[in-house]
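Paired with subunit B in one complex and with subunit C in the other, subunit A is shared by the two complexes that follow.
Moving on to the complex of A and B:
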């Protein structure tokens, strides 16, 4: 009896702690928005330019390391681990961080979610065809991702999950079995790629049994060139990419709109 | 299509009301349950026994269910504009329907039709769209070719069996090519790994290296220095004593004849030995063991001091002088005094003698 009570109270503590943690994090984030302009002015005067330079460098390093896993970075994390006391001049710092990324590294810090303040790092430079993109060989998972993104795009932007699984099965990748290179394929596709914001895995309402559909994620929208995908598909089919007129139109407008924002 | 069939049959039976594809599955299950009761209760009136054969009916229902399964499982394949599988299914259903007499089987027929028309609609929409359709199956085939699929010789060509295998690095090849479609930021990794672990080890190593030679050096130096000092001191003392011995011997031989200082110290064979002799002789003078004086010709002479005459502390009047000699003077003195041999034998000569 007492053991059960202990277990119950332990789980209660855990949820309490978790909710407390969430509260702290949202508090952290909330304080960002409650900063007044006079606070900013005072903060600017409080710190020397050397101190601010160092803070900017720390944020840059933090983001670079966090980006290794390609999981988007939350502003709350940046605040908690790096900015700390310099919170009031966060905007100044983050602007300089963006500039550093662009001018020093050729990368772009993009806020994929303006409401929740989540950032990703993407490459500012276009890859040159024929030349290797990075010194290290690309993760084979990129190939898997490419297949899924291509099918979604060519099929209009939304597809039922079965289409993905069936296509992968034809490529000898069975989500039900462990794959030599990818391991738990279903997990990679529905969990890893979704957390990295390459894909969206959404429940279709009113389906019984539950069915999901796949769309492009926010990171894919920013990082992936629809035009280049169409070109490669054209190569594979030995067809002119323009023969897929709807997709070509969408790829062209996507390209120009992203150019406008950058 | 179903209308023409109905007309040809001319039967008053109508298929069950339309149901959507999703619910249809449940209905067929319910129909299956009800089926047992039906058989027990018996068929409706007005139907010949031939039409009522339960075995035949079961057979028909089973075939319909097979067709329905086929359509559901191979949906993508059916959609493929490259084949007519959908039409084949409908023709099969047509044949089956010829034998359908009762509502239950007709219900299955209707369910199959709903699925087929759904697919037909999608297939039509593929044609409807501007530009080319996109077929994921064909896409997969092209990808396999690109990745270098090794097709086995006896490929059956059936869809159920996936023949052939992908070579090692097939997915890597695809990843490398598709990389160009992405503007991924390269992952940042420190070249030397974690930077926390780095600074301490080199410092320790350097310190250790520095410490070791230091200790040894210290150990070496004192001993070396000590040795040098001792030897130096010893050598000097020994030398001085030896020279004193020489001086006293010469004086003992002939105490009346004064010894010319120059003749005493100069070694006609070695300038450096001459200088050493002057140096060592100066100690004798300093310690009061020998004295120098000028003779009648104003030439310096040296003589040992008698034992009794030695005054401790040297309270006698001290005179100092500085003696210098250079190579030229040395030569001149040798010529002037005609010095043939050194009065102070060189230390090597001594050792040879002894």
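Moving on to the complex of A and C:
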């Protein structure tokens, strides 16, 4: 409990430098860690199970809507807009919400930022082929993403942005031009994929002019199988995936959470 | 206690979520695909049982997968609907306030009309007198396009109708708001907008165009099923509604079930 308070006060110092809006959110969020166990007990008794069921449903809806736009969900937002008076039993509610996502939707609620309490929903079901094509809206972009993830993985996990652009140019996807399928390619890669947490696009310190590097994002780490990437690369070069011993070792030990059977 | 969900059900549900609405034939194909992908026991004509399992688990979340018929083409569709909406809040996160107001006004026009449709001219006139913030002609056209893209409205020859998705999602809202202004179809008992009406003033029952076609099939002398008066309207051909792919029929308006292109959040 005290560690959380330390983290909260540390983040509160940082927020003094940020905008007023963010400061309020952080305050709002701080109250979560000041809840005592007797408050929780009283709260559990205060609300009927029907009321709590309803709250769980509202939180699920809220998260699904935010996730549809791939906006990471803040605990403070959930508190302010949905939980409100039920704050003291937040943990009970969020546990049920997590179970619901797993059991009903095959999704996992993951805290990407334990300090600022931000969640994303990731898919526990592995992506499969052969799905009726008309129902896979994001297909072309996923292909593009896959290529980029492959390059990053094969090159050891982090690459300079130039390498990504050069690779795409070879595939006739030029970030400088408007692409028929993807539109503003640079925006899709550096904004959309980053916002969705498939990629990280980070400034390399002390570079002039500023250079950026790409890494796998948290969602990619959780959703994409490194073994599948290696197989894909193997097919591309007509080589046995095991011939890349370092990557093969990494891919074998990685084992994503999405490989669980029902 | 309801049957437990398996990955086959979850995959089906995830696909429903990313599409919003699918046709019955797409649903059949998806059912097969989901079962085969997860090694689940697949029985061809048990789609509704399969969906019932999912619905039992969606019920506490106030969601369910609903089956309904399209007024445009008479085909069946499955839509994932939200039961908590007593308003058009379903759309609230994607549209500005004045766009929502325009949608409500368009719906008013459609419900009020005999044909179950609203002309673009009438909608443009509404846009000019919105309480929230007026929309210019170009903006109105863009918003209407968006409504069609997002599968809330269908458009044909400048006439706008409510899509099957809209009716399935907003039926509760519509019944609350419009009350007796909304009639149901005498044959299938669902909301009837694009329909024919009995001319007898004491009768006035309505029937969907596809329902009329089915009911009066091969009858040379149609009479109202309720008051027995002669049914004065042209009976549409069954063939018009029976085709698997509505794309082949130039006469009937198409239901848009293509996946929605990803949109940038307007609030970002």
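Methods note: the second predicted complex is superposed on the first by the 224 of 262 C-alpha atoms of A that agree within 3 Å, B and C clash if a C-alpha of one lies under 4 Å from a C-alpha of the other, contacts with A are read in each partner's own complex, and residues count from 1 in each chain.
Keep this in mind: a contact is a pair of C-beta atoms (placed from the backbone, for glycine too) under 8 Å apart; a residue touches a chain by one contact, two chains touch by 3 or more.
All figures in this text were calculated on a predicted structure; none of them were measured in a lab.
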| item | value |
| --- | --- |
| Subunit B versus subunit C as contact partner of A:44, first or second or both or neither | neither |
| Touched partner set for A:81, first subunit B, second subunit C, both or neither | neither |
| First, second, both or neither for A:147, with subunit B first and subunit C second | first |
| Which of subunit B and subunit C A:223 touches, first, second, both or neither | first |
| Subunit A: partner with more touched residues, subunit B or subunit C | B |
| Contacts of A:155 with subunit B and subunit C, given as first, second, both or neither | first |
| Partner chain(s) touched by A:53 [first = subunit B, second = subunit C, both, neither] | second |
| Which of subunit B and subunit C A:65 touches, first, second, both or neither | both |
| Touching partner for A:123 - first (subunit B), second (subunit C), both, neither | both |
| Those residues of subunit A which subunit B touches in one complex and subunit C touches in the other | 64-65, 105, 107, 123, 125, 132, 134, 136-138, 141 |
| Residue numbers on subunit C that touch subunit A, as the complex places them | 5-8, 10-11, 13-15, 17-19, 22, 26, 29-30, 33, 37-38, 57-58, 60-63, 82, 84, 93, 257-262, 265, 268 |
| Contacting residues of subunit A [partner subunit B, same complex] | 64-65, 67-68, 70, 105, 107, 121-127, 129, 132-134, 136-147, 150-151, 154-155, 162-163, 166-167, 169-172, 181-182, 207-208, 222-225, 228-229, 232-233, 236-237, 239, 243-248 |
| Parts of subunit B lying in touch with subunit A, wherever the complex brings them together | 22, 75-76, 129-132, 134, 136-144, 146, 162, 165-166, 171-189 |
| Contact set on subunit A toward subunit C in their complex | 53, 56-57, 60-61, 64-65, 69, 71, 100, 103-107, 123, 125, 128, 130-132, 134-138, 141, 261-262 |
